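Everything on this sheet refers to the single structure shown next.
Labels run A, B, C, D and E following the written order; every chain starts at residue 1.
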Amino acid sequence: MLNVFWLLLKRDLLLALRRRSEIFTVLFFFLVVISLFPLGVGTEDKTLKQIAPGVVWIAALLASTLALDRLFSSDFSDGTLEQLALAPQSLSIMVLAKMVAHWLLTGLPLVLISPLVGLFYHLPNDSMVVMMLVLLIGTPILSMIGAIGAALTLGLRGGGVLVSLLVLPFYLPVMVYGSGAIASSMLEGLSLQPYFLLLGAFALLAIVFSPWATAAALKISLE
Amino acid sequence: MTLEVKNLQCIRGDRELFTDLSFQLEAKQLLMLEGKNGSGKTTLLRALCGLYEPDVGEILWHGKSIKKQDELYRRELFYLGHLNAIKPDLTVFENLRFNTQLAGGLETDDALMQALDAIGLFAFEDFPASQLSQGQKRRVALARLLLTKATLWVLDEPFVALDAAAVVLLQSIIADHVDKGGMVILTTHQEVSLIKGEVKRLSLTALTENRESLNA
Amino acid sequence: MKINWFKYAAPLNFYSLAGKVIPFFWVAAIALTAFGLYWGFFKTPDSLENGMKEYYRIIFVHLGSVWMAMWLYIMMVFWALVGLVFNTKLSYMMASATSITGALLTVVALATGAIWGKTSWGTWWDWDPKLTTFLILLFIYIGYIALQSAIDDTRRSDKASAVLALVGLALVPVIYSAVNCPDPTQCSSLHQESSMKNIEPNIMRGIIFTTLGFWMYSFAAILMRVRNIILQRERNTTWVSKLKEVN
Amino acid sequence: MLNVFWLLLKRDLLLALRRRSEIFTVLFFFLVVISLFPLGVGTEDKTLKQIAPGVVWIAALLASTLALDRLFSSDFSDGTLEQLALAPQSLSIMVLAKMVAHWLLTGLPLVLISPLVGLFYHLPNDSMVVMMLVLLIGTPILSMIGAIGAALTLGLRGGGVLVSLLVLPFYLPVMVYGSGAIASSMLEGLSLQPYFLLLGAFALLAIVFSPWATAAALKISLE
Amino acid sequence: MTLEVKNLQCIRGDRELFTDLSFQLEAKQLLMLEGKNGSGKTTLLRALCGLYEPDVGEILWHGKSIKKQDELYRRELFYLGHLNAIKPDLTVFENLRFNTQLAGGLETDDALMQALDAIGLFAFEDFPASQLSQGQKRRVALARLLLTKATLWVLDEPFVALDAAAVVLLQSIIADHVDKGGMVILTTHQEVSLIKGEVKRLSLTALTENRESLNA
């Protein structure tokens, strides 16, 4: 069972990293998105600090959504998805592997580059640590919820709108609490525990629920 | 070892593709599924694999419904549809390795290379699949046939895009499998001749036409 | 004297020509840079009138890389255009080799600038127009390189990245003006005065020598990279298989 | 010549109407970006007004890139693009039609929904009108520049991220002058004419130059 | 009316597919392009259409390079490759209408319906193309043959996925076109027989093999 997890994870990473330059492409993509904001919104020290929490989460959402489109659709259109469904292993495990790959390629780079956000936005060191932590907990949730949406829109036509609209709002709490935690860290004497507890709870819920839901959605779209 | 289909009915949209379809397949038998375009061959094959749920009827493997054996059945099944399941960004070799490992195969790299050579892709092993011609892509997909340990092969138009030499090769691979006690179900619009083994034929058009003439 | 330029547009001839001149560029690069740095460290005042301390000496590296990074961008676009117009393989190779050296020097400019910023302004980064322009220049270089490396087929990657360079050529002045003068109503009053006027001739001398050194380095690095690209692309031709460095 | 323009425009709109989920994804993303900032920044009236112009433009930029990836890719993978290139008409005209369709599906909805931004950010009515106007002039430029990037990256892996990396720096001038116009409209006695003139000039430039560049890029990608 | 190919050479990656390829095609002639998988048939066809730029050589239509006539040449050209150019979200009828109008055709809706009926898609006109079988999709693409006014047809494995009846139908459509003074170039791994008109054959494998034996 674990075999097939590694197999898929390795393949998805291999596909993405076929060219080493692709890692850099993702990192520079974040840099571009992050440096857009000061140019548009203003470069005053106070403004920069205020928008920083929102900016990193928007960058995360954007990267996550941009890559979601491809999460299953290329496997679907070239027939690999059929073969996955027919493999003598549980589809949920494979789906989980694909989610992990998606996170490693869109979430993790952001976590790693986020100190640069601190630099560009003149954040205090403490906030930088908090930012990395919430991104570390929160971005996997984006990948997992997103996967459900991607699987549902794969086959469903017309009806897909409704379902994806149902899925997308689940992003919101993650982003609200995620950016809330960073913003609070810049104020004195606020406890961050509630934020982390909530995000942790979301993450647990997503891990239990989403591979199963995604696998079910995939089977429906294959029919 | 039997595959048994009982009273199968598939409806797509408003159209009844087939009703009351029953047949049985034993070891050393090959089933040629015939029928016009749109008569439901692909649908039937997908139903046999469990990818499509028939509206009525049962599919039994070793006397037990395939829905209830799930992974056990899938371990003995090899399906190749219209799509090749080839990733353009991986090399030919990587594609074959992934696909065999996914199906649970534990072949060595040497065995994989030999399979590729045998199917006529010698010297193409390290090509990205995106740079292959149509027929070469199909060959990569078919190379898995040389490695799989599955008993039941379900092949949807396997001869498409292949040149004459490859068609002959594939025929011998199929004949070999049937010979060794395997089962094959395939659809094709070209004639295929086997030397040994029993060839059964099932024509879906006939079924539909019977029904149409009955209705008329 | 009439030189047959197209003779050197053939990879074979260019390869051997480049091999002969590269050592000279290396020598010139090392000599000029060494002299520039020597001048900068020992022949210039310890501190400047307007309160700058020893650390101003980073300017000798900073300005050289800044200027070369911009110059190489122009060269890159030039080669891409030549490639599109005359369809010569060599000019595409030149463009691609130039882009990498250019991106490298942009990074050097940004890094030296950032180090300077930390010592003089107390912050690594500030959203000053000059710095921002350079960050965007880096993005454009990176975009060019990323597109090129994302396409396997050399024919397609050459042409596609050349089209990108062409689009960049049209847009870079617009981007420059947008960053440096975001408010069109007040543009003239904000117009940047050249900071060059304030630089003492003594310091200027050092800067010019390091810049020339960087330029020679760019020649050497680009030519070496082009030679590599030629070898890689023409690896199946007979002339490459006869080269002694290959065998 | 005009025939083929209408033909493609009609088809692209028809296709989008049959598959509505894409339009909604773009709109949803736009709304998330816009609503996330007040959460981090706090609800101070002054700050909100200050960041509003930048935020709306960044949201538009990012939303526009989100749909770029799909501009040509489905036509490419099902062979329609070959047929377009072989049609006895100029490819540039067809490309222009596709750009217009892209704008109608991603730019126009943003223009229409932008009054909501005004509401969220307590903008005065005058500024709201200015905002709609600059979006109306500016978003088509985004579609047109974006199409070049989409054509260049056709069929490449990591398409979404790669296109954004290529295209976002080129979007910058539109964002700077677009948000500048909105910001100036909130101050007394500033003339907005220069902004509109500049944006109008950009739009003209883009209309002349981009269909041609995109068609050239498409032909290169088809080889 | 001639298509003339002079000294064509195509190189893909490191492999020379063909060199010094020259031939000529006149009205009332059909050219069967033969060759193993990966021998360069598709590449040659795409080059003939102007979709792929050959490394060396010229392609002349009416004695003038196709690069210089652009829209004029494309007006007389009909190309159908491996891909069907069918949009799954449009209906069969909408697909056909779009594709013919794109090629400059001004057919009435009735004419379109008749073409669909003739190709065997009666009663499927309002189906979304996503709900068609493989062979039915190919038929939608081929229905354009009944409507096009182009002289030169370039068809890449047109018989793939078609059932026996459709193969016969398509053969007669092709024979008809040649008969009426058209030109057809096609690749196929199946044998096709024409009743009238001249059939030329060009084998790419032979070319490659000659070269290989020369090199060896």
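Quick note on the criterion: contacts are C-beta pairs under 8 Å (C-beta built on N, C-alpha and C of every residue); 3 or more make two chains touch, one makes a residue touch a chain.
Just so we're clear, the structure is a prediction, and the values are computed from it rather than from any experiment.
Least step count on the touch graph, subunit A to subunit C: 1.
Counting C-beta pairs in contact, the chain pair with the largest number is A-D. Of all chains, the one whose CA centroid is most distant from that of subunit E is C. Separation between the centroids of subunit C and subunit D, computed from CA atoms only, is 32 Å.
For the pair subunit B and subunit C, the distance between mean C-alpha positions equals 57 Å. As a whole-number value, the distance joining the C-alpha centres of subunit B and subunit E reads 29 Å. As a whole-number value, the distance joining the C-alpha centres of subunit A and subunit E reads 45 Å. Residues of subunit C in contact with two or more other chains: 139, 142, 146, 150, 179. In subunit B, the residues touching two or more other chains are 82, 89, 131.
Shared contact sites, meaning residues of subunit D that touch two or more other chains, fall at 18-19, 77, 157-158, 162, 165, 168-169, 172, 176, 223.
Residues 3-4, 7, 11, 14-15, 18-19, 74, 77-80, 82-90, 222-223 of subunit D are the ones touching subunit E in the complex.
Of all the residues in subunit E, the ones that touch subunit B in their complex are 12-13, 35-38, 41-42, 82, 120, 124, 127, 131-136, 138-139, 157, 160-167, 189-190. Subunit A makes touch with subunit C in their complex at residues 19, 21-22, 24-25, 28, 31-32, 35, 38-39, 43, 119-120, 122. Interface of subunit A with subunit D (complex): residues 15-16, 18, 22, 25-26, 28-29, 32-33, 36-37, 39-42, 47, 50-54, 57-58, 61-63, 65-67, 69-70, 77, 153, 157-158, 160-161, 164-165, 168, 171-172, 175-176, 179-180, 182-183. Of all residues in subunit C, those touching subunit D in their complex are 136, 139-140, 142-143, 146-147, 150-151, 153, 155-156, 159-160, 163-164, 166-168, 170-171, 174-175, 177-179, 182-185.
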